[in-house]
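Sharing a structure with you now.
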Amino acid sequence: MLLEMKNITKHFSGIKANDGIDLCLRKGEIHSLLGENGAGKTTLMNILYGLYEPDQGEIYFKEKPVKIKSPKEAIKLGIGMVHQHFMLIPAFSVLENIVLGSCSFLSFLKLKEIRKKIQDMINIYGFEVELDVPVWQLSVGEQQRIEILKTLYYGAQLLILDEPTAVLTPKETEDFFLIIKSLVHKGHSIIFITHKLKEVMSISHRVTVLRGGKKIETIYTSKTNEFELARLMVGRGITLESKKPSSIGNTVIEVKNLYALDDRNLNILKDINLKIREGEIFGIAGVDGNGQKELAEVITGMRKATGGKIIINNLNVTNLNPGEISMKRVAHIPEDRKNTGAIMNFTIGENAILGHPDFFKDFFLNYTKVKEFSDSLIKNYAIKTAGSNSPAWSLSGGNLQKLIIGRELSEKPLFIVAVHPTRGLDLGAIEYIHKMLIKECEKGVAILLISTDLNEILMLSDTVGVIYKGQIIDQFPAKETSVERIGLLMAGVM
Amino acid sequence: MLDEILTATFITGLLAAAVRMATPILLTALGEIYTELSGILNIGIEGTMLAGCLAGFIGTYYTGSIFCGILWGIITGGLMGLIMGILSITLQANQVACGIILNLLSLGMTSFIFRVVFGVTILPPNIKTLTPLPLPIINKIPFVGQILFQQNLMVYITFLLVLLSSFLIFKTGWGLKIRAVGEYPLAADTMGINVYNIRYICVIAGGMLAGMGGTFLAMDLGMFVDNMIAGRGFIALASVIFGRWKPHGVMAGALIFGLADAFQLRLQALGYNFPHEVLLMLPYVLTIIILTGILGKSHAPAALTQPYIKEK
Amino acid sequence: MFKNLIKKLSTEFDKNKYFIFIKLCIVIMAFLIAFLLTSICITAAGANPFEVFISIIKGAFGSPERMTEILVKATPLIFAGLGIAIAFKGGFWNIGAEGQIYLGAIAATIVGVKINLSPFILIPAVIISGFLAGGLWALIPGLLKVRFGINEIILTMMMNYIAIHTASYISHGPFRDPDGSLPQTAELFKGACLPVIINKTRLHAGILLAIFLCLLCYLIFKKTLLGYKIKAVGANPRSAFYGGINVFNTMIITIFISGGLAGLAGMGEVCGIHYRLLDGISPGYGYTAIVVALLARLHALWILLAAVLFASLDIGAGFMQRTTGIPSSIVCIIEALIVICILGSEILERKLMRKKVEK
């Protein structure tokens, strides 16, 4: 046994993120930690890495009890972690990023030695990495390799990988799996956090399933299958309701030859064309970072198009600002609900009217009406809160999303842009939000649904488009396709 | 007018004065580099200088030793840095607000303590001033020697500190850690670097250097008056931006400010009717131009003014 | 015991009352701590703190003349404090009130020295010119920030010095009083002087304008969409943009109003008190006003109170120094300590509020 975690419990402001979790790991094992968003995977690993202190429970590393109070102690023990958001400093070079944790005052004297040591490791593990390039110039896959190299440099025997494939294309994922396998051959052990069943089945020896902060089961992957894992992960057969085909009407929005730049001023959208009709949900599938975020922003006016046209109800709305576009009865459920969709320091009432045309037309703002309106939202959308005067930061993620959706739907839209509407929410909230979207669609609203969750796309959409490197490389009716086909397209394989 | 200015004596005198007047600004600005690189914008260095100034003055007055005075100034500056640290790091208060309050506190405190210690006297109390210490041999180099090597000991120390800081920030592991904390504290934390400790060390070190800068002023003039820093702390802030967070650049910035100040004083002394205010304004205008990035972009520490909040 | 009390209160009070209670407690604690620490200073200086505090109060409120002086002192603090509060609310860290005060003073002086008209035209003219000058001066860093994203903190600070030196140039140079020996401008024409509202005092109509603007600002944030927009842009520009708010315009309006209000402080000093421009016309009002705004939590009506508090401490201090011999700068320490305590306890306040919300 390399690692044993026993009865780990951790509270966050009254909610049990981890509730008596046990986990053990053998040497040379790839152990998947499977669970939905919010199941407690990352919390558990942050405890192991010393970022959080557990309220209860013991950790044994190499049969000895250990108390890991900081990442420093974890690193010393030989535990390394690659976070979902890379912990690399963009302005620093690769070498600087790697030596950062170990450098002492005089380490510059030994810089040549250190460089040689790292170069040797690069050769042993067969990474292709240049040491003197600043990190911001590197691709996501390269940055990930540097993260792994970093943990190896500090002598990690146990590597924790937090959703490492979320940002990779299937091809990059394959390369990544090769690296992992070679690491295991060299005697390292790996904990692999994911919510993707396929990856669990293909790479790991054993899998521990978490749900709602509790450990459900640990099983050998050879003795299970995807369906069983899915059942364990979700807790019941997937009951999320699929959308019935609806009656489709006239074109509401048409996007023609759309081009746009990303935050680094590189061409991200290249010649996007799409059409959405009344009562149609158009789902866009794709790996994060292929332009879906920018597409939503351009359509809702938050980003400038550098070419092409957007026509909503026969009106050219290209490059109007968000306020003007929302006046055309376009609703936007943004990707980042905390930093775009709401103002966390405002009250719920103030958030309920953000961008609402009924309140944004006069010079005066009647706060009595604001309260009436937000109270009605709270009631109609079953938002759990102490009242419309509470600050928005006091809402849970699901309730905040309900508030945003409630506000956007109360504007009686003809067209809704929904970006990752259920990301990071619990099942109850997901179900509720899916129902709301379907209901709108049945009223004849056109919906653009952007999500990385393939199941969500397949369940809700009438038409599916796959975005890859800023282009919609294919689109087809949702009924006529399969997860496998979309998966291939997402990787750019035609 | 020009023939009076374009004499060798005038110019060497001017440049030597510029170096001397740049010294307190440079010391403070060097400290602020550390503070800002670690992610803290300390506007309170104006007050820190003032506190250091008074402490240095009192220290020298009572012990009779300039060395003790400097030590007092440094310690007091460090304490001011500590207060800033507690407020902005541990209590996560807004850094701009903290800095401004610190200035007000120091203004009140110094004035209060000075009056309580020395009472209201007709003749203001004096201390001995720093004496020039010509360096052997090289002070004889014409022109350069007169400007650079007939200064007092603190001037030499300051310019040595520029070299030392350059080395420390860009060549050593400590410098790397400081910069990492100011760029992306969470990443630094996951690498086992204690963000809070580094920030405390930097803000206290910054305070100590600012305190030393203040002490220099007291010892240069041999006296203390209320609010005698008169904005030099803010000029130090400007020099940091001017120098783009690099010790050498900051040195250049401080020298330009020193030169402008020295030049206008001399012009006034010569009795010309030239609007010396224009000269006084010049360095600020220059700083604004540099801030606008017309002369090339600079990279400020990415986490500057952002408190690091750790969930436990 | 204290913990139990908090627990009890947090369960019994409804949330809004609890929040107000917490805020009140923290302010009271801040004052207590500040006065305690100051008392230690005073004791160390060999005096009785109670005598000193009583003497300050006597000095401030002892006679009607002194009470009017409080209002005279408070006037620029209210103007500039309001300006700063609006800027801070709108997400613009305006450290440049001092410079904007000087610009307001310069503009009012130029108008008042050059134009001789009846007060009915000239007084509105100096007010408008003071406001415009301060506002436009603030727009220089404002545009650089909004358009190019340049950090406004250092920018506004640098602008202060340029403004101060410009004012000094004007009073030494082109507008210098030819008859006087001091470096100051000639006196304004009678028509440009703000009327004194209580005879034989220096209390001028500026205070009325200041109070009126306080109420106006309060109403803007309480009743109008503009106030909402300013707050939204300050709290999160991206969300505001998403909500259809024109962030650029809102910022520019905020910054212009902010600078303009600070400019009015300069106008008030010139047209209400000195009737001319002289060196150092603002003894750091622009910086004190930041502290006033912070103490008032950026709330328009509280600014009125905070400014009067600071002004009365100032006025009382002079008297206190004469009677007790304790340096008047002690009030500076009190002021700073109060605000330090309030700044430092914000994290505590957030924690207590969060606790309540989570129940």
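Per-chain numbering from 1; labels A, B and C assigned in written order.
To be clear about the criterion, a contact is a pair of C-beta atoms (placed from the backbone, for glycine too) under 8 Å apart; a residue touches a chain by one contact, two chains touch by 3 or more.
Since this is a predicted model, take the numbers as computed values, not measurements.
Novice: Tell me the fewest steps from chain A to chain B, where a step is a jump to a chain it touches.
Specialist: Minimum number of steps from chain A to chain B: 1.
Novice: Please state whether A-C or B-C has more C-beta contact pairs across its interface.
Specialist: The comparison resolves to B-C.
Novice: Give the label of the chain whose average Cα location is farthest from that of chain B.
Specialist: A
Novice: Centre to centre, by mean C-alpha position, how many angstrom separate chain A and chain B?
Specialist: 46
Novice: Report the inter-chain centroid distance for chain A and chain C in whole angstrom, where each centroid is the mean of the CA atoms.
Specialist: Going by mean C-alpha positions, chain A sits 46 Å from chain C.
Novice: Where the CA atoms of chain B average out and where those of chain C average out, how many Å apart are those spots?
Specialist: From the centre of chain B to the centre of chain C is 28 Å.
Novice: Where on chain A is chain C touching in the complex?
Specialist: Going through chain A, the ones touching chain C are 13-14, 300, 302, 321-324, 326-327, 332, 334, 339-346, 350, 354-355, 359-360, 362-367, 386-387, 389-391, 394.
Novice: Taking the complex as given, what residues does chain B use to touch chain A?
Specialist: Checking each residue of chain B against chain A gives 171-174, 176-177, 179-180, 183-184, 186-194, 299, 302, 311-312.
Novice: Hey, which residues of chain A end up touching chain B in the complex?
Specialist: 12, 49, 51-53, 70-72, 74-75, 81, 83, 87-92, 96, 99-101, 103-108
Novice: Could you pull out which chain C residues touch chain B in their complex?
Specialist: Spelled out, the residues of chain C in touch with chain B are 41, 44-46, 93, 95, 144, 148, 150-151, 153-155, 157-159, 161-162, 165-166, 168-169, 172-173, 287-288, 290-291, 294, 327, 329-333, 335-337, 339-340, 343-347.
Novice: Residues of chain C touching chain A in their complex?
Specialist: 15-16, 222-228, 231-232, 235-236, 238-246, 353-354, 357-358
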